[in-house]
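I am attaching a structure below and will ask some questions about it afterwards.
Residue numbering begins at 1 within each chain, and the chains themselves are lettered A, B, C and D in the order written.
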């Protein structure tokens, strides 16, 4: 951002990777539109009746977008100073996965199923959001989740243990006919139950099974409070931290004082 | 509200739009009763057996209410100073939609399906609530949601991405017979699963599908904590703000005193 | 609790209505056991196979408990100073409903269905809890819910409006064959969906219906955050109030000072 | 941890029960791997098709792990100073239950069903977590749940009462054909509904039943806010307590300073 004439690479980088300039904003919006259309095309093409009538049309569209995304990928490789580092970054791999399946489907016949990978294109939307005014909100959510990740891991471990043990017990209690044919199936049922999803494809039949299922439902209904409490607590304390971080001490210049502080808590200077 | 003789328009406005006066209160209650009865009539008339027996009766009732609401709409147009501005406001359109379908159903035969629009009459109830002592509660909920809207948008975007990607994967993993016939159908299933609704009209059959479904359920069960945390955090900080609103100590200039404080809690000065 | 000899009525009241004395505790536990056994008897008697074999036995048990509860009811009427006020209080009516159905079932043959009213006996358990050390916890929950009742009413009104409007729309969009036969049925489906219960007895079939259903599920999944936020906010502020209510001002004797208060906020006295 | 030569028992205890030393860490990881493999073997062996092909192989694996866990159990008994106290502790019983079913299945033919008890091995994972850096997180969650246990008990009692009374009412309202065959079945349905699980194996058919069910769903959807509020409140106040722990100002004697405070925020004195 110096006053010197920018190199073409810097300009390219500004357009493709940033969104402060007009060019960058136009590029972002165009990319967003392309991603959404290409995803919609993939989705609609999977519907049998639509595929029969418009299959050829979608095939052409798909090639157009693959071509556009390939050009974009090459431009990104050129624009960055360390192409390899980009290529192996999270977004680099996503960008590659957005174009590779189409080429592979031509070379290998068995690669048809890889076409679903194109749905990963959706992840590219987050690159655009990273650059806009959603950034501070995203970092807020990110740090709230990061600081509660350990507690949530423990919670998930407890849930998994509950689900495995209660699933095994249900395998014993319920007969094979009612869907509890194996321990993995019973655990699947236990997850369906404790998360309050409740498909009903497998459901207990015996009185004892219904009793255990009732306990599991009440458990699942109650312990949802735990992750909610964890995340809320982190968010509340983060929000408080953020709110009081404005005031700067005239003595030492440090921030982070409480709203009711009379003296700087770092240097003792009167605020 | 001066001591001069009010014009008939001011009086009309007081009765129709406000609820401080006795006339206004009676009008509000009468309108509330009319709305609820007319909605109940629409609902009951849609039941085939009831329609067969009382269809004619409901038809008459409906015309009575359409007539009443038409008069009300005209009175509102007269009462306000800027009739056009009212007519194109949110509540103006709702008021119009409450009466138009019935007239259209006479003119056009194909407009029968528009009659369902009458359910929008229900939204008119909120006009009455806007004027009463629920106002401060509504504005509290409103501002809590407004200040968390960005974070919730990001959350919804993450959920949508998860649902589209995992739905596409399930389309690949599960066979067509078990209901995963197209990507849109699979995404519909993914939404049913991640929101813990779990109809069971489509449910995974293969072990791999059940495994992915289990992960989705646990995800959906866990990430409900995020919007809850966002809204709660905003509400907690709003509630605190509200409590500590305004008062500054004349002695030390500090804020943050309780509403019932007579003296400054920091320097003892009378507030 | 004076040193004078207590009257028999005071003693009776202590045993029946309070639980500080040994007699009162024994009475409470005995009553608790009677209530639970009688409820279990009612429940088991409703199972056809058990009724066939043990029906007569349950009939005798039921009469024994009805007799015991009748004696208890009479004793309560004698023990209190204002029998009529007790008889028409919440617990007085519940106590009466616990015994009346059995007598009515003898007199009227059609009163058999009233026997289910005996399940209301369960509410009597809360009288015992009212007297014990759960009292402060209950009053905490009670006041948290009381102060958030208005906000929750508005929330419920919004949910009901959503459910009625979206239910009406679904009635239009979906055919009668898929279960959306009338507006009330469609509203029932909308409630099943938005509350994330998802029975699956009615589920959308058409693409448009599935799309609207998906939006409803995401809505229902998201707005659960609102009541949770409301209740949590009230509880957090109540808990804070409770924590800081201990300190008493030496000057004016008032409570409710903040933890960081230096001077009494009511009289300016140094704390 | 003295500089003297440790006895073999101390060394054994360090390896088996603690995880500060290298040996202890290796033992922990090895144990974790053994537990997970043995659980997976139990789970896979329950699938009929896998059992047919690899049943013998799993049988051998099971005996190997039973042998290993038996040695471990004996070593634990030797390592601790009070073997009996260990044997009757929670983890002692779990350790025993991990090996006993296999031996019993040889002696008694009817003990086959006991083999499911091996799923309890999973609980042994928590012993390993107890010793690692998850300890403080676990104690946080533990104390949050402990201090909210009373309120949650009351909540569960209210839910149980609701479920029993509304289940009984539904038994009356709905016919036997739609699945409400007995009060216990109706209560099972009520739990499925109020916890928003919604299997759909039993669902109301009559208009009155659907109406009551709708109310239950809205209730269940709303009151989930209560346990969430309880747990969140406890966590928020615990988190605040933890942050402000301990430090008292030598100048003014006040507490509540931040962990990173160098000077008292009320009087400016050095802490």
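Heads up, the rule we're going with is that a residue touches a chain if its C-beta (ideal position, glycine included) is under 8 Å from a C-beta of that chain, and two chains touch if they have at least 3 such contacts.
All values reported here derive from a predicted model rather than from experimental measurement.
Peer 1: Moving only to chains each one touches, count the minimum steps from chain A until you reach chain C.
Peer 2: The distance in steps between these two chains is 1.
Peer 1: If you tally contacting C-beta pairs, which comes out ahead, A-B or B-D? Let me know.
Peer 2: A-B
Peer 1: With residue numbering as the guide, point to the option in B-D, A-C or C-D that repeats A-D in over half of the contact pairs.
Peer 2: The chain pair with the recurring interface is C-D.
Peer 1: Taking all residue numbers used at the chain B/chain C interface, answer same if over half belong to both copies and different if under half do.
Peer 2: Different, since most residue numbers here occur in only one copy.
Peer 1: Suppose each chain is reduced to the average of its Cα coordinates; what separation in Å results between chain A and chain B?
Peer 2: Comparing mean C-alpha positions, chain B is 29 Å from chain A.
Peer 1: What's the distance between the Cα centroids of chain B and chain D, rounded to whole Å?
Peer 2: Chain centres of chain B and chain D, defined by C-alpha means, are spaced 40 Å apart.
Peer 1: Can you pull out the residues of chain C that are in contact with at least two other chains?
Peer 2: 155, 184, 187, 196-200, 220, 224, 228, 230, 232, 236, 260, 262
Peer 1: Going by the contact rule at the top, pick out the chain D residues touching chain A in the complex.
Peer 2: 39, 42-44, 46-48, 113, 116, 119-120, 122-123, 125-126, 129, 134, 137-138, 140-141, 144-145, 152, 155-156, 159, 184-185, 187-188, 191-192, 194-201, 220, 224, 227-228, 230-232, 234-236, 239-240, 243, 257-258, 260-270
Peer 1: Which stretch or stretches of chain B touch chain A in the complex?
Peer 2: Residues 150-151, 153-155, 157, 161, 164-165, 167-169, 171-172, 181-184, 187, 193, 196-200, 203, 207, 210, 213-214, 217-218, 220-222, 224-226, 228-230, 232-233, 236-237, 254, 256, 266.
Peer 1: Which positions of chain D touch chain B when the two form their complex?
Peer 2: 196-200, 228, 232
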